[in-house]
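Several structures are given next for inspection.
Okay, so chain A shows up in both of these, paired with chain B first and chain C after.
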Partner chain A sequence: MVEVIEETTGKDGRKVMKVAKENLLALLSDLKDNGFTHLSLITGVDRKSKLEVVYHLHNMNKNEYVVVKTETLDERVPSVTSLFKSADWDEREQYDLMGIVFEGHPNLKRLFLPDSWVGHPLRKNYDLSKVQYINMDENGDDYATFDPGDGW
Partner chain B sequence: MKTGDGGVVTTTLEQAMEWGRSNSLWPLTFGLACCAIEMMAIQAADMDIARFGSEVFRNSPRQSDLMIVAGTVTKKMAPRVRRLYEEMPYPKYVIAMGVCVIQGGPYNQGYSVVLGVDKVVPVDVYVPGCPPTPEALTHGIMLLQKKIRNETDR
Partner chain C sequence: MIQEEKKNDSREWTELNMGPQHPSTHGVLRLKIKLDGETVKEVEPIIGYLHRNAEKICELDYYCDSLIYFDRMDYVAAMNMEVGYLEAAEKLLGIPPPERAKWIRVIMAELSRIAAHLVWAGAFGLDLGMLSPFFYCFVQREKILRIFTEISGSRQETNYMSIGGVYQDINENIIYMIDEFTKEFPDKLEEIFNAFVKNDIFMSRNKGIGILEPEVAINYGVTGPMLRASGIEYDVRKAEPYLVYDQLNFDIPVSYKKDNLARFLVRFEEMRQSVRIIKQAIKKIPDGPYFNPKAKKSLMIRLRGEGEVYARTESPKGEFGVYLVGDGGVKPYRVRVRSPSLKNLSVIRHLGKDVLIADLIAISGTIDLVFGEVDR
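Let's look at the complex of A and B:
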């Protein structure tokens, strides 16, 4: 049995479980065996002192949802791509915008922004005053710069 | 333009060119966000900009005279918008449709949106609104026609 820190029920009746990140894979694996075979969403929350990662799982047969939350102090969380294939791009999105590093992910690079973009824009400490611009090189690839350049 | 008694029209070549140009503005099929839905409405039966000479939305920038930038221009889209503008033949005109295109709109404080498409391409007519009504956009096209013919409202 996996140790769950806290179990509550949300306003919409969904079960919300908090779990230590060491037990995350075991808990999600248990839930997958109990019918929650669809990982519909991964989101990240910046709590300033720590980062929170939220997994929304769906049971297709009973039409039930369950929410699993975990926290990390060092921006690192184990990847769940070994259990759910759909986690691949979800985790890349969270890495891109929140800067959460998913350990064990097969291809952890930015999903939306160009690789040369500095910082993770949905973090609370992201500096909006330093404007970045995107330009295209000869091959049609994007690159981000602080200098607007010709196109702007 | 002068009309004589014998049914003869005299005008300058320049005025005739401007008249022809302003009454055959073919827009580029180019929608970026929700404003594009309102843009589609102006070429449908209810608004029908064919009455003003903009019969057909061309699918190639090389065949169009007018780019209606309809919808939020993200920073990733900005180089593409510029490339499409550069592929259009002269004379070419740009209408900035909606408040996102004019100055960023609700995304003004964000990290991902261009604060005004006029930073990337030159704009002739600004149509404000979120989104502008099809009537407002039709008015914008009529303003552009007046601008091409060197007429002013003031």
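Let's look at the complex of A and C:
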């Protein structure tokens, strides 16, 4: 049995399980064996002092839904790509926009933004006042420059 | 196994970039493919050309303002996107819409679903070299867009719904237009359907191509018509009814053939079911207010939400989910969108192995991609 820190019911009536990040992989693998084969969504939430990662899992046969939450202080969580293929792009997206490093991901690159982009836009401390441009040098590699002009 | 053998072979695979400016890529999809002769060995989609980070923009705005960014996600089915966002926002803010608004939303969402499927059908025909069905589809779609223009003032990015109801009540003129449409459309739909299926080339390019096994589909997170064409009877409208879908009679089309043609047939059957829903809803629509007075215009920007809500709806592409986190302020703390097209696109890495390059275009056509939603 995997140790669950807290089990509550959310505002929308879905079961929420909080788990330590060391036990995350074991819990998801348990759930997958119990019919939760569809990993619907991975969300990173920036709580300023820590990062929260939320997994929405779904059992299509029984029509059950469960939300698994874990927290990280050092921006690192284990990757679940070995269990769910759908985690691949979700984790890349959360790495791209939120800066969460998924340990064990086979190809952890930015999904939407250019590789040379500086910063992770969905972080609360991301500087919106600067405009960022992506340029290309003579070798074909791209690099970012900043314009202190009117941002948001 | 095949890959290992070929790599030992002295022949090299050709690398090719398909897109982002390629007519069959529905916008800005770029596929990096490795070819052995005419057989595709590896596909790697590269996305992000239309990325605007709508999630961040939504965080910077009031709850009511975010709606227009949702219109621009799946821009051919804006009404469905609005329903999806409002399902989450209304739960979080605690402002339920009145009954009449729910029925109006169902009618609009289903009209929008038909419009989205017609765009898909037309574009899919173009991918396979059929020009005329495209015009047939767009003539019918134009009738739906006229209804939207009448009700909201714009054709595609309607911004018709709002927190706590809809922007404007529907009048007799609109009910007449919808009635006329549902009367005429089924015959026209059969005409379009026959234009496709009576074409031998169309059939031979789709039958048995792009087989997607249900286990693979679930593992990749595929939902919507693509999943139903793989033999899994699953629809959010039935599984977790929202609005008033539990009071309506309709079937979930399923196909067990798993190929391109199955996906085509499922989408056409969905349009027929949508007409059925609209016909029922237009009769049952109750009298009463069309917006919740708690959310009238002057109070709209003072709405505060706290807690976490995940709401999912059935958009034309699949399960559209919105995860909202509120911290008690007037702006959302975190907005996360589950876009079905993105998940459906990721499965092309599996489907596009060992197929002909012409089949890859047919396969990417059946996925039903809209890049506003994939890149957000």
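One rule holds for everything that comes next: the second predicted complex is superposed on the first by the 134 of 152 C-alpha atoms of A that agree within 3 Å, B and C clash if a C-alpha of one lies under 4 Å from a C-alpha of the other, contacts with A are read in each partner's own complex, and residues count from 1 in each chain.
In this text, contacts are C-beta pairs under 8 Å (C-beta built on N, C-alpha and C of every residue); 3 or more make two chains touch, one makes a residue touch a chain.
None of the values given here were measured: they were computed from a predicted structure.
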item: Partner chain(s) touched by A:121 [first = chain B, second = chain C, both, neither]; value: both
item: Chain B versus chain C as contact partner of A:142, first or second or both or neither; value: first
item: Touching partner for A:133 - first (chain B), second (chain C), both, neither; value: first
item: Which partner reaches more residues of chain A (counting touched residues only), chain B or chain C; value: C
item: Partner chain(s) touched by A:67 [first = chain B, second = chain C, both, neither]; value: second
item: First, second, both or neither for A:56, with chain B first and chain C second; value: second
item: Those residues of chain A which chain B touches in one complex and chain C touches in the other; value: 112, 114, 121, 152
item: List of chain A residues in touch with chain C within their complex; value: 10-12, 14, 37-41, 43, 45-46, 54, 56, 60, 63, 65, 67, 84-86, 88-89, 97, 110-114, 121-122, 152
item: Contacting residues of chain C [partner chain A, same complex]; value: 47-48, 51, 53, 55-56, 59-60, 91-92, 215-216, 218-221, 232, 234, 239-240, 307-312, 319, 321, 323, 325, 333-334, 336, 338, 342-343, 346, 350, 375
item: Footprint of chain B on chain A - complex, ascending; value: 112, 114, 121, 126, 128, 132-136, 142, 151-152
item: Chain B - residues contacting chain A, complex; value: 75-76, 78-80, 82-83, 109, 111-112, 119-120
